[in-house]
Amino acid sequence: LAPVPHDEALRLAVEQDGFVWLGLHEPTEAELAGIAAVYGLHPLAVEDAVEAHQRPKLDSYDDSLFMVLKTARYVEHGALTATSEVVNTGEVMVFLGSHYVITVRHGDHGGLKDLRNSLEGQTDLLRLGPAAVLYAVSDLVVDHFVEVAEAVEDDVEELETSVFSTDRTDDTPRIYQLKRELMQLRRAVQPLEIPLSTLAERPNDLVPDAMRSYFRDVQDHALRVRDQVAGLDELLSNILQAALARISVSQNDDMRRISSYAGLIAAPTLIAGIYGMNFEHMPELSWRFGYPLALLLMAGLCYLLYRGFKRSGWL
Amino acid sequence: LAPVPHDEALRLAVEQDGFVWLGLHEPTEAELAGIAAVYGLHPLAVEDAVEAHQRPKLDSYDDSLFMVLKTARYVEHGALTATSEVVNTGEVMVFLGSHYVITVRHGDHGGLKDLRNSLEGQTDLLRLGPAAVLYAVSDLVVDHFVEVAEAVEDDVEELETSVFSTDRTDDTPRIYQLKRELMQLRRAVQPLEIPLSTLAERPNDLVPDAMRSYFRDVQDHALRVRDQVAGLDELLSNILQAALARISVSQNDDMRRISSYAGLIAAPTLIAGIYGMNFEHMPELSWRFGYPLALLLMAGLCYLLYRGFKRSGWL
Amino acid sequence: LAPVPHDEALRLAVEQDGFVWLGLHEPTEAELAGIAAVYGLHPLAVEDAVEAHQRPKLDSYDDSLFMVLKTARYVEHGALTATSEVVNTGEVMVFLGSHYVITVRHGDHGGLKDLRNSLEGQTDLLRLGPAAVLYAVSDLVVDHFVEVAEAVEDDVEELETSVFSTDRTDDTPRIYQLKRELMQLRRAVQPLEIPLSTLAERPNDLVPDAMRSYFRDVQDHALRVRDQVAGLDELLSNILQAALARISVSQNDDMRRISSYAGLIAAPTLIAGIYGMNFEHMPELSWRFGYPLALLLMAGLCYLLYRGFKRSGWL
Amino acid sequence: LAPVPHDEALRLAVEQDGFVWLGLHEPTEAELAGIAAVYGLHPLAVEDAVEAHQRPKLDSYDDSLFMVLKTARYVEHGALTATSEVVNTGEVMVFLGSHYVITVRHGDHGGLKDLRNSLEGQTDLLRLGPAAVLYAVSDLVVDHFVEVAEAVEDDVEELETSVFSTDRTDDTPRIYQLKRELMQLRRAVQPLEIPLSTLAERPNDLVPDAMRSYFRDVQDHALRVRDQVAGLDELLSNILQAALARISVSQNDDMRRISSYAGLIAAPTLIAGIYGMNFEHMPELSWRFGYPLALLLMAGLCYLLYRGFKRSGWL
Amino acid sequence: LAPVPHDEALRLAVEQDGFVWLGLHEPTEAELAGIAAVYGLHPLAVEDAVEAHQRPKLDSYDDSLFMVLKTARYVEHGALTATSEVVNTGEVMVFLGSHYVITVRHGDHGGLKDLRNSLEGQTDLLRLGPAAVLYAVSDLVVDHFVEVAEAVEDDVEELETSVFSTDRTDDTPRIYQLKRELMQLRRAVQPLEIPLSTLAERPNDLVPDAMRSYFRDVQDHALRVRDQVAGLDELLSNILQAALARISVSQNDDMRRISSYAGLIAAPTLIAGIYGMNFEHMPELSWRFGYPLALLLMAGLCYLLYRGFKRSGWL
């Protein structure tokens, strides 16, 4: 990766009206400085390309474009827990000039490596110049968004089933966790809307007119994911509200059952209290079967109360 | 459906300044590829037309339009339950050129088949060219939205009646279900706003000026449905809040009743305790009618408490 | 109302540069078809004019305007209940051409009949052509909105007083009902904003420039009502939240009182239990005033507890 | 205030290229009619100027402007209660022509009277024509908004302190009241945004270019108040939620304490019950110190339970 | 700081096509008046520069710009409490002319002092004129926003951990406090969006075209902070809801445990009551091991109930 080959490569590309495609993974400031000098990259763009944690955006300089995309990857996990990592994000930056395209990757996002191989077969597309690579990158990134959104949708459904099942589970921490993870996807998807519509709609020297409908296609997909993410977020809010309500309802149910049981005991206790009184004249006390009758009375009363409580839905 | 007839048909249509109308149901990629070659359809549009689950949109290419519509159908169900399917969605894609119109259907949506028969009678409309078919399709789709929204409105009213009735029912799972189903209708209706206003307002070679007020009419209906759906969603949120509040209120009512009953028992139990004490000098114990008087006292106390609790609204 | 007079009337109006004003109440399709033929009304507009339940809108055709307005009427009712009808809506459609204005009424809305008499006096206004009638109609409709909004404001205040009073009333069903009724008013007012601003701001052959400030005036009023309705809706949400909170608070108050009462009874019951024990050596039992002292102890304990509970705010 | 002087004054103003400044307080329709005739005011504006309760707005007629502003005044009150009036609103209307400015006041709003005196000193400003008066009026009105917002902020802080203090107070009615009063301020501030930006940004014959930055300055202040009001409203919502939550928490605390106390009593009651049993062979009953030991057992049990409950945070 | 040197400095700057950079800290009205006279600053801007508590904004006058920025500083605190100050704000105003830049600081915000030293090294940037200083100031201000937002994020995480831990803590006052502090940051960040986009996008004599991408870079960072702040606010709302729900759930848990314990005691109390009855014929009473058997029965019953309650999750 010495600066000379870059020099040479770029000269060749200009001569033959082709383009250089350079892929970097988390370059150091020094590495990128050398490359920037050869390709004449804008210092602000270079600075952004070294740091990770940029917001998706499209900057256009005099004779080049600089685009930042956030990538998303679904992290396979067993059952969703309150600490499951669900969405991992990385970044891809693209420098686009008339005879070069430089992609810089930060973080882990499968698939971008294979892009080159798959693109090299599509000569029709590559003939449209370096913008074709920008299209291919953004298409791949948005396709990953679609996959992530669909995988998250499965997690949402799992939560939904658990919340509305009759099992008593406290799903709220898991729902909060999924909301947090979904927020990451939203932050990757939402800010991409304006850059993509700019590429699809505004004339630009670096993006041939024939490429514009390709970017519009990517934007369509991005909008679909955005809607899906918004829908999922709303669903999660609904599920959360439902989960909280269910917990409260089931706690109240428990209290009602416990209180009903205590109320059930109170009646025979009163009977026992009555026959424990020390009045001299209490005829029942001397009956032969006074005691068993009293026990029967208690049992009968309990049974009647039990049925009454049952009918009222208290037990 | 061999490619040659297509070829021939299109040639005839161009010669006679008429148009070919082709209707496909879930075509395979291969089927559509043949047709695309004859009619010169754009590859990105063809790709979208094979896959289902597209977002409603309008793409305009050099000499053709491609429109995606989501259709909605109300699923008849008995009483609404927590798992009732209420809204079914499908898709219709329309390719529109100067001498052809191709409709591609995905999923199940009654009525589109009969469209051809009913349109063939309206020669005035058909004379306006293939855009008339696009109008007829979108009109039919939006009319179905109207029907679905009205049917859902009935479901909402049923829920409302149930929530505000004095019967104790847990309607929350049903309300969540209807909210979810309504979200599907909203996803079909909302994104149609911009495509329809584009057709109604922006001049376009493929849509004669005389057709524009037709599309505006469709848009009026679509806006009405959108408002209706938003209103229904808000109503459902209100009903949900009411249902949750009612459940909580009625659970608290139960607890109050149970506690009041237990409190009622506590008073005579105290009396019984008092006359169970073993003091040597308790004159009442040797009274002839001590025991019945004690029982009377207990009953009287219970009655007084009962009336007091009743007056306080506790029982 | 035979078609010939229409014909004749329109001819006269054109000759004398005046205009025909035709008022219809829920016409049948056939009636309107005859009129449409004479005046050359657009078929889509005619279709909309026959059906009720249109969304307020303004359609402009080549040489005519078609406006739909929703009217609102306040329904006098006794005390507001959970089923009170508060807002009744109807519709007025207006066809406007250079020499005619046709108003079509659906549903019941007082006052529109008298409009003609009152307008016939204002020759200055009528001289501005048929648009003056459109102005008068929209002005009257919006004036009714103002009246309805003010009457609803009284209902809201009544609810507010009831919710924040110390009486225990469950106002939630009434609040929901008023929210629902208010939503109807909102649906009549909100969509009128764009049609009115179009009439006030965009040059139009059928609306003389001098009329534009009149429509702006109507729009000012419509905006004021819209703000008022939004404010009322927010107030109702606040009141609802307050009502739900009050119910919950008062239910908890009840529970606390009942439990405190039960707790109060528990202490003397323990005393009674203690003196009901069968130990051989319990000196108090043989005291001359043991029994009255025990009763006194119970009463004293109750009194102390009562004061303690009172001080804690539990009773 | 006879029409002739107006006449004369206006003639003089036109001759000397000065302007007439006329201030009215709640004029009758007749009074204003005379003035309107002299100055040629638009009938719709005159109508608005007679009635109070207009929405803030700016209407521009051929050769005049008509602006409506809502004024706000902070009502000093002792401690904030559920019925405290906090914000009082009035109205100021301004007619602006090339040689006159007419201000009409409705309701009570201190300070506008002194405006004239203070303005008469600022000849630099007055030299810019009648628009300077419009600026001075709107500047004063918005300055009052700032004062009101700051005073309301103090009330909000007082509520906040009360809610988060450990004292038990039901602050919810007071919070609702402040929300209602704040809504009045919002209705005065918010609709002023567009009129002020129109005056600051759109060229207008009646507003010299040099005045535009003055109106922009007023708008800056108005925007700041708007933000402040929105922030206060959000704070009040947060405080309200906190207050409701605190009430619920403290009610639950009470219930827990009462139930714990009752639970505490239950244990010795059981002991008493046990030694009240009538078994022939209960050795403890004949122990010399059986009775004091039983009492000790009860007390010890109570103490242990009390410590356990205390440790669990139940008491 | 006498007026003469200013005069002289400005003359020199104009001659040599350089610029004067003047830094003031909370100047008095008199100090600023002198400076304003020399540099020809607009009186409205000068007025704003004396007062603190301005809203971030950009005013453009004939030949100068005036920008107000709010600065934010993170206040180090130990553990977050309900009264922790977290975000401190100050203000920086910048007057920008063709040959001068004047910065006015209000309140405490570290780092701005060092700006001069660090800028003096960057001659490339300074060569672009006084706008370079405006860029450097806004860049620094926004960089501080980023730092504050990240520090607040740590506080949010600490709260999150505390809320979702199994420890029982009432975190709601701390969450409210952080929400309030975050609102301050939002008020500093949000209104900066439009001024920065104006500097980045609209051509302006005082801002060389080459500087525009610098301002765009600052705006990118500002947008990122804005998104981050919005995300944190949403997270805090979620955490607050979770905290409230957890408190309610744990209070209900306590009640259930207390009630279960009381219910547990009720059963043996009934047994004791039964054997305390005074029937003449109760065979168990004369059994040799009646008493221990009864105690065993009580213990056994308690154990069974305890297991039952445990299984139901009540204890």
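First chain written, first letter: the chains are A, B, C, D and E, and each begins at residue 1.
The working rule: a contact is a pair of C-beta atoms (placed from the backbone, for glycine too) under 8 Å apart; a residue touches a chain by one contact, two chains touch by 3 or more.
In this text the structure is predicted, and so the values were computed from the model without any measurement.
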| item | value |
| --- | --- |
| Distance in touch steps, counted as few as possible, from subunit A out to subunit E | 1 |
| Copies subunit A and subunit B touch via same or different residues, half shared test | different |
| Subunit C onto subunit E, rotation angle from CA fit, given as a multiple of 5 degrees | 145 |
| Intercentroid distance (Cα basis), subunit D paired with subunit A, Å | 40 |
| Distance between chain centroids, defined by C-alpha means - subunit B, subunit C (Å) | 25 |
| Sequence positions of subunit A contacting 2 or more other chains | 248, 252, 255, 259, 262, 266, 269, 273, 276-278, 282 |
| Chain contact topology (line, ring, star, complete or other) | ring |
| Chains in cyclic order, anchored at subunit A, direction fixed by subunit B | A, B, C, D, E |
| Subunit E to subunit A touching residues, read off their complex | 164, 213-214, 216-217, 220, 223-224, 227, 231, 234-235, 238, 241-242, 245, 248-249, 252-253, 255-256, 259-260, 262-263, 266-267, 269-270, 273-274, 276-282, 309, 312-314 |
| Complex interface listing, subunit A residues touching subunit E | 42, 44, 48, 54-55, 57, 59, 61, 82, 168, 172-173, 176, 179-180, 183, 187, 191, 240, 244, 247-248, 251-252, 254-255, 257-259, 261-262, 265-266, 268-269, 272-273, 275-278, 282, 284-291, 294-295, 298 |
